[in-house]
């Protein structure tokens, strides 16, 4: 069955994570991989919304930020155990997503883009201006490390396992949703909202549901980020950050879970490589982004597969 | 009273800037159904180009202005030719990423050319601020308002009086119908890019004396302009103008009567409400695109 | 039953994943060890705070060059590794991680901004690495953290200088206008909290966005409260806009700016509107005007000359933070053989180091090491900085 | 004048026209009739360059139209009055007409345009009355006249009309057919695609009957009018009593 | 006149768009288990009527009853649940999905797994999924596409895509099936197969409303024909009657100049 291929790849994934986790001694590489993991979570979350359900969001960093700020405030200001702050952080993002999602998701195209962008800006300004609670523009200091019972995740290695464990669970979760009745309904909205409705899919409700789910995943990433860096500031969750998440999804390839992983990796690593260009970094980054979209609009992973099949086809003849 | 007048002046100055930028967005959207997220960067090019031509090359104001606008418009057309036209499946999301990429590229290029510093630029005319009932308005603000009015009127006439302008409207109404009639739609799209980025350059040039331009000035201006365009109704000339001025004035009043820290939020909250209640904007109508 | 194409893609993905994990495995990453002392630098060379990061990067390179030309530290050359943070905390953490774990630096100078510094502090604490920040925020050294030092003058001293000056002129009410970022916020906090110590009342507190183009609305609101002076806290170009707007509105009361605009750029941007503005600054802007008795004068003139020769641009008030950081680190490294704990110990015991930003005397309770004498008040007259008493 | 040989048109993988050949002589009115989805509109799209994915041969005045886009086809002298009229509703009637002459202006023939304006307004007096109104405010029949007038502004040698009678009252249809007669008498060649077969055949010289992407019948208009198979193409086989009744 | 055997009743429906009267005073009914053809020239209002019945927008005036129950203001997905299914003129398959998955989406209203259940894959969800797959295969067998279950849907030849869409519509267990030009783009033999299939569907007790331009198909398959022209019903009756109706002839072929 199809499930077997799935299990093989999960197994490979787990082995890869374990190999990397034990063999990498250099904290820098672990840290890089942790960031890749966090970005993968973000890309996965947006991919559910954008890749599968076809709804653009240009304000997704807001949920990332809500996750981070809620846990920061609870654990630091109110001394709540981090593990108890987790449901609050994720839940807060879900509630906000639900409230905002109902009117916003009625919009489509650029209007939806603008609506989510405006929402993202408002949340960002809130983080910046509500300084008595959020620490304002200078940021929020002193977030404690993550403790779950006897486990304290204060080393890069332990955090690496934690983050990639969450990534793996999220991948399995997304996979299961996509391969289920709900997932098919989601994809049907993407392929044709009219036809989906005509088949009995409650498109409005489902769009809000997936928005909430997506917000929850982004908030999870925010939660992990806060307890990784012990410090958060509004700049991390601004418009540029939202656009970066969108870019990861699109570059990796929409509606593809491994594409999200790939896009997140690439966009985390690219700036590291581009340091070599120093002053030219931005120019090169912009060029890469444009070229990928012009020549491989389905993203790099799909694009390469497409080219491979085209090549195969032309040789079969 | 004097304060309210001063807030209005402040709002008018900012509003005029937003308006010109919004017009650029709106015009391009009406012709091509595309939102150019790099639009703010063209504003930056306009402002810095103006600085370079006047301070750097010592050109007089007027030729520098026209040269800047023409140069940026040419850059915009080049952008269309190289990065937009080759796209085979122009879906919104692909175009968004391309224009975002372009905005990063242009910002990077701006940094390489002009460095990271802000520049100063003398006002167009050396005139002390003008006093109206105790409220003061900068001479440059008047320049801005005058130029915005002239440019808007010129655009209006272009769309209403010239064959090319009408052809562009026709393209906006229905690309297919325009094509059948014999209008070269590709050229019209190219032209729309040139005009739109040219408008961006106008915005950049006229605000250069009051904003102290730098390579990273474009992003926020672009966002605000986008907001204004949506606010007034995407695809409508007067909507963009109205949206720009409303946004500017609301921000100024927001500072005056609410809190200066939350003025940006106020603008975006209002925008969301407009989107929820009337997605087509204040002046836009859902089905007719008209410039 | 398995769709062949899907299966193949899945297996392909698995293979790629495995390959990636092998490529990333440590065997490939050989770490280089050299006999030089490596010092890391993380500055916001690009991004909104590039006006800080860019001269800081240049000054760090200058300082290292000077030290190496003089024979290095105990014969060890210094090697600088500098990364750009773009002013973004996540990127800063990445860069710091790279410096600590990949480049294995002995000490770190920078970052340029308070939020990025705060983001890095937990890392240096864990890595037990001497760390000298170039950011102004007081949160950095308050409370004192063993491994964290800073060279930039604190807002506390800047605000104190301004309030002293205002107090002297018998002004009792001030309006403040601050930029809505970390710098402005920190300034605002100090302005509000110290006011009562000087018998001053803040009658109106406004803010503006870093990209705002017109602040007349905020200033109008301030004017309504009839203050005796306006204090603006921000970094270019916002404060220049404020200066111009004050001029435009004909507000005829003294305008004070922060040390955030202490560079010739400000005068250039604000033009005539800069006339008569007061601001506290490190002595670098008025080095020439300092009395010969000032211990810093020679250091400042040397730095200015070296910087302007090397980079062919006017020196700003900010590069000195990195310049001082490197020289302090070099001094602390003497005789340690590169032992980090030893360096930290030495840093804490440095007394009377004459730097660009002031005379540093660190102690267990003071990791900034500067006193208010690090600041002077200057006034802009005829497009020049003028030392005021 | 127009010669189409073994034309096959594709929408993606669907072949909508399956090997059609036809010819149009100068000064003729030809009508293409047949039920919806028979491929008539597709054929027109191929001729005027809207649909580039075709094989076979389309020749106009001896030159192939392969690879030309619509503006180029218009410049060659073929104008299309598209299905659903496709006027520009927000623009005034006058502006619609001037845009029709876009290629003429580009040929620097502004004077000729003024003459043409005069002549189409004489042909359709209603357009003169309404010349300053937005085209969207016209009634259906007026819009159709505008669409025809707009196509004429490009001074075509061959006019293609796609369903000009759709949704119009019989009286107006009649009027439009009369206009076509007038145009033909001025030397214009016309290809008329119609569902409304009787009216079209009455106006036409010759006709082609399409069914599911192929030509079912062809002949002179009179022959076709008499042919029972024409009705079959519309209302299906199995007439039974129907024939007896007629 | 409410008749128990009437599945769908359209009563005095008016609908206008921006001042243009698209439908006026339409009135007819569909008998349980019948095949009805809805014909008319272009722009007659057939599509508008279709969209009204399937809940895309409400009627201005009049009433639509389904199984004796007024359904004017029901949302589209609620109507599907009630048992109204449709196909599209241009075949609206879900292009990113396989043939089987398309049918599974069709079963949406007949299954109930939500997001949470899908994540945990409870045993009853697995069972439901299994049953859904079996049902989907049955439906594919019904239209003869069982061998192509794992193909991407848009890779199929166009004629098969039609069949797939029909099977997808059948998945929701409709009582009323609306077919929008099901024969468009099909060749002769495919049309023949379609005709057979439509009869088979009807034999399962499904009432069918058919909009079709292929008159051969429409006339031979329908028990009743409703003719619209310019938004009005101009004729209603058995095929032969309609074919001889003068108003119908005029609507289609136009009036000859007298």
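Per-chain residue numbering starts at 1, and chain names A, B, C, D and E are given in the order in which the chains are listed.
Note that in this section a residue touches a chain if its C-beta (ideal position, glycine included) is under 8 Å from a C-beta of that chain, and two chains touch if they have at least 3 such contacts.
Only a predicted model underlies this, so the values are computations on that prediction, with no experimental measurement involved.
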Intersection of contact partners for chain A and chain B: C
Selected pair, greater C-beta contact count between B-D and A-E: A-E
Remotest chain, chain C as reference, centres from CA atoms: D
Between chain D and chain C, distance of the C-alpha-averaged centres to the nearest whole Å: 74
Computed distance of Cα centres, chain E from chain C, in Å: 70
Distance from the mean Cα position of chain D to that of chain A, given in whole angstrom: 54
Distance from the mean Cα position of chain C to that of chain B, given in whole angstrom: 35
Per-residue multi-chain contacts in chain C, two or more chains: 3, 46, 180
Multi-chain contact sites of chain A, meaning residues that touch two or more partners: 128-129, 279, 281-282
Chain E: positions in contact with at least two other chains: none
Chain D to chain B touching residues, read off their complex: 48, 50, 69-71, 74-75, 80, 82, 86-91, 95, 98-100, 102-103, 105, 136, 150-151, 154
Residues on chain E engaged by chain D in the complex (per definition of touch): 41-43, 157-158, 181, 184-185, 187, 213-220, 230, 239-240, 243-244, 248-249, 252-257
Residues of chain B touching chain D in the complex: 163, 166-167, 169-170, 173-174, 176-184, 288-290
Residue numbers on chain B that touch chain A, as the complex places them: 29, 35, 83, 86-89, 91-94, 96-98, 100-109, 111-112, 219, 223, 226-227, 230, 234, 259, 261-262, 264-265, 268-269, 271-272, 275-276, 279
Chain A to chain B touching residues, read off their complex: 50, 56, 58, 103-104, 106-107, 109-111, 113-115, 117-119, 121-122, 125-126, 128-129, 239-240, 243, 246-247, 250-251, 254, 279-290, 293-294, 297
